[in-house]
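Presented below are the structures under discussion, each in the form of structure tokens.
Common to both upcoming complexes is subunit A, partnered first by subunit B, then by subunit C.
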Partner chain A sequence: MRSDQPRASWPLKLAAFAVIAFLNFPVLVIFLYAFTTEEAAFTFPPPGLTTTWFGVLFQREDFWRALATSLQVAAIATLVAMALGTLLALALSRTKFFGKEMISLLVLLPIALPGIVTGIALRSSINQYGIPFSMWTIIIGHATFCVVTVYNNAVARLRRSSPSMNEASMDLGATALQTFRYIILPTMATALLAGGLLAFALSFDEIIVTNFTAGPQQQTLPIWIYNQLPRPRDRPVTNVAAIFTILITLPALLVAYRLTRGGDEQA
Partner chain B sequence: MTETGITLRAAPPASLWRSVLRFFYRHPNATLIALLALPLLWMVVIYFSSILQMVLVSFYTTDSLSGRIIPKFTLATYQQLLQPANLDIILRSVAMAAAVTIAAAIVGFPISYYIARYARGRTKVLFFLGVMMPLWSSYLVRVYAWKLILSNEGILNWVLAQLGLTGVLDAVLSIPSIGGASLSTSYIGMFVVFLYIWLPYMILPTQAALERVPKSYLEASADMGARPGMTFRKVILPLAFPGVVAGSIFTFSLTLGDYIIPGIIGNSAFFIGSAVYTFYGTAGTFPLAAAFTVVPMAIMGVYLLIARKLGAFDAL
Partner chain C sequence: MDAETPRSIAIRFSGVTKQFGTVRAVDDLSLEIVDGEFFSMLGPSGSGKTTCLRMIAGFEQPTAGSITLHDKEMAGVPPYERDVNTVFQDYALFPHMTVEDNIGYGLMIRKAPKAERHKRVQEMLELVRLPDVGKRKPSQLSGGQRQRIALARALINHPAVLLLDEPLGALDLKLRQQMQVELKTIQREVGITFIFVTHDQEEALTMSDRIAVFNAGRIEQVGTPNEIYENPATPFVATFVGTSNVYAGEVALRLSGSEQPFAIRPEKLRLALPDDPTPPDSRSAPGIVHDVVYLGMNTRFLIDLDGGGEAIVIAQNIEHGAAVSAVRGSRVRVIWKQDSERRVQHD
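Up next is the complex of A and B:
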């Protein structure tokens, strides 16, 4: 039996395309209603199409502020998560020690537990220690649940790479740091970047933990949207903002896809 | 990787630095501790201690006058948690999470299988984007988009009216307890939205697990006379299962604690997330809110232990 290029049966193909349609239909709805001429009510089909909402959003200063905050939070949280995730992956990938399983469970916990648990727990701790809520409290919360995406990517890559390269490097007289710089880091680099990009996207769209760790002054983009949505008159503008976020995260995801695929192709 | 051009400097830069490195090289345990210190400190001090604090608070009392927490042990909060009204909230959330998870596994498997085994090149990128784009386009806006789709004057009703199928929808909505006045105010609508929002979290690990199934296994199975159906049941399905379990961690947990979707879609009945949110915001009921957070902790704790046994952690 030849299986070079197996062909899918039509029911499978149909099911696959139906799910893709299901997943993307609401995104199309968002796109459509970003152009509607109607402000308050949303009848289908929309009475007319216009691009005015793009101009309206462009002049909303609060939107740009929220976008800037979100980008800042996501960038710093991602960097922290990348540092912590890399250290963890290096520690846990090869050696076996007591408590190793516990640590990998602990890293997983912030995304395996519902966001509201993490959010309220962090909020009451921050309150208890009298730390003022700021952009930094948001970053702390985000970094905590972003560590796992970096860690998972890095650990998977380290597991597939062979330890003999490191040994060879050491045998040739390289110090541990040189080995890290010239052997381990290049092996991990794309996996780290991919994990980092996912962490960025995760942080950029997070609302629940953010809601509990943000001060009254800080508005990330999701919080801005959250405050926007109950106002029906602002709905088209909000849809434009949503399109904007898609346009920001999409290239990041494509890059992450390319980076993680490269190593798997021959497997 | 051989062409990286490693140039080792012959002269050691600083002897102190070198002896530090030598120390770590000779003491792998010290290296381990040095690597672990920072991330562990972060996860334990910031995260785990906060979680533990919630568990403690659930056993504390509040001052009836000021509403402040008094660190005095009591089980009264848990008695309160087990009252029928609160137990209903828990059961409702668990039932919804289970229903969403099972549906996500069933709906997600065929597409994952198609992506992993048949999609190549451009089709594969298209499918990747098709799964990822909704995942990363604002969660809130998508939930509101569903409200537009499901409401009485929304798209779905319009399409059904064009097809002359309004009667079918009315029949579905008249099912007691899961039906309602419109899709956007019923459990059915809420279920659809939950399924929609968390489905990518099921598809991604399932697809990844399916992609790790070596082609040689399938060939071996076929060579030994298994028909495609048998290869699927005996080889592919068992190997993909850890991926499905890994996905189910997310679909289950995310549904269990969500308070935004039950607030926007559905009949405004409480779910665990909404209960935590409300009791946390009300004076004097912080211990009850904490007890409500212990419920998903306990459930997910057991869930994770089972998932680990099933090998789901390697499929994350």
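Up next is the complex of A and C:
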């Protein structure tokens, strides 16, 4: 904070701290009880601290399978979303037609609607077409709601860049393909990367839509954690797995934030 | 280009029309632009001048008619195959590239060897008098510097024709006047045909070899700055390029003895006392001073003429203070030489 700015009054500060604590307290609990020596109950303060639960988790083959599935789903869904979101943003930036604003809303819908609605809709569609449930159906489901983060970032960047830039490139002898490679892609790169990272984070910890689109064999990390909860003996292991989820998604979110900071891009 | 060399036609418009939906932006326009000239397209916004420029560049296709570049039909030729380059109004520099890479873009696309590229880029930077900014990004340059880099980038391919779309519009007055002189100098140095779009009549008069005055998708007049200013062909040209008093009908009949419209420049009118004699080669009209505006170099008077009509008179402030001691409400006589009247066509 700069010293020449007026300082907030103390009740306001107190309220701010209270909100931050309220939002983040559950996360602290997870970190704390990943190290507790108790197996089942969470007493406060923890009777002792240990790192054995990390070892226990690393022995679990089903954990590694779930993590691998989640990483694959998130990676492929992100790539699909990046391709679709970029193309849609580029296509819409060049034309004007009645109802153009509606398209942005349609792209937003899969994530704006409750996950349960999106999930049911996807499940019945997949059934309708007789597609067997597999990792690919999860990917399709995730891609539908990941497109919006890429699309929004791409649209915001396109809006800021000069429309005559592409014309300048063509004017200087570049074909449409060369213009895409040398001008459009580089100027949009950071926005696309940010959108992609957000999409990745969004997909990695998604559980509701995943439940509706997964086959019986597929377990993503969030589903694995959810299934662990009723097992009281391994409770700290779940917390360790949750820490892994945070360690994977948080850097993605931070980098995405840094890439778009100072601009008018939005998630 | 030598004065002796027979000049060929660089750009020829033949009956070109451009329709956007129901709007006819360019209307059956024919025009010839000669090799090596500094040609301005002057007109208010929406008069079709920028559309003409974009049709030469290949960003728009004519609805009807044809455009040729050195007698080669341009219909269907994409922008990247035209020997024409553009300086854009907003410069359109590539923000993710250095100044060097911006200027060298055209050569990079043509796969020129790196050494040649470097050499040509440096030459261009010298040409626009910015030899030391090559490593910077466009965002680290001032508006005037960006303008020059955009010019260097467009000139590096040595196009047959350079198109400039209001390139000085974003600069402040002092910088604009400096760039006007510099653009003209650079154009003489490189000998390339410049087609310059502007709505600023002073800019067009300052720089151009010839000017086309645009209005509502048509050309009102083509000529040298001197012809356009001294002999405007239409009332529109007379009032859009500089200021003119234009009289028609009854007022024209009373002032000049003919109903045919005529225009006369305010600096060619002179104020005198009501009883002063009118010289034999001149005409005069009595009136009352309605307004006096002191403009530093000169003073502008607005006169209500007896029997109807107004006259703007501009008098140079050669002596200290206003040239004429007329104030609001003074009775005066406006005097002008008959040969400074210019007959114009009806609209």
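Convention: the second predicted complex is superposed on the first by the 243 of 267 C-alpha atoms of A that agree within 3 Å, B and C clash if a C-alpha of one lies under 4 Å from a C-alpha of the other, contacts with A are read in each partner's own complex, and residues count from 1 in each chain.
Keep in mind that, in the parts below, a contact is a pair of C-beta atoms (placed from the backbone, for glycine too) under 8 Å apart; a residue touches a chain by one contact, two chains touch by 3 or more.
Since we're looking at a predicted model, the values are computed, not measured.
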item	value
Contacts of A:15 with subunit B and subunit C, given as first, second, both or neither	first
Contacts of A:75 with subunit B and subunit C, given as first, second, both or neither	neither
Subunit B versus subunit C as contact partner of A:171, first or second or both or neither	second
Which of subunit B and subunit C A:187 touches, first, second, both or neither	both
Which partner, subunit B or subunit C, touches more subunit A residues	B
Partner chain in contact with A:56 - subunit B first, subunit C second, else both or neither	neither
Subunit B versus subunit C as contact partner of A:162, first or second or both or neither	second
Contacts of A:114 with subunit B and subunit C, given as first, second, both or neither	first
Residues of subunit A at both interfaces, subunit B in one complex, subunit C in the other	165, 169-170, 172-175, 178, 182-183, 186-187
Of all residues in subunit C, those that touch subunit A in their complex	57-59, 78-80, 84-86, 88-90, 92-96, 105-106, 108-110, 153-154, 157
Subunit B to subunit A touching residues, read off their complex	1, 4, 6, 8, 18, 21, 24-25, 28, 31-32, 35-36, 38-40, 42-44, 46-51, 53-54, 57, 107-108, 110-111, 113-115, 117-120, 125, 127-134, 136-142, 144-146, 148-149, 153-155, 158, 196, 199-200, 203, 211-212, 214-215, 218-219, 222-223, 249-250, 253-254, 256-260, 272-273, 276-277, 280, 286, 289-290, 293, 296-297, 300, 304, 308, 313, 316
Subunit C-facing residues of subunit A, complex	161-162, 164-165, 167-175, 178, 182-183, 186-187
Touching residues on subunit A, where the partner in the complex is subunit B	1, 3, 5-8, 12-13, 15-16, 19-20, 22-27, 29-30, 33, 41-45, 83-85, 87-88, 90-91, 95, 97, 101, 103-118, 120-122, 124-125, 128, 140, 143-144, 147, 152, 165, 169-170, 172-178, 182-183, 186-187, 201, 204-205, 207-208, 221-222, 225-226, 229, 235, 238-239, 241-242, 245-246, 249-250, 253-254, 257, 264, 267
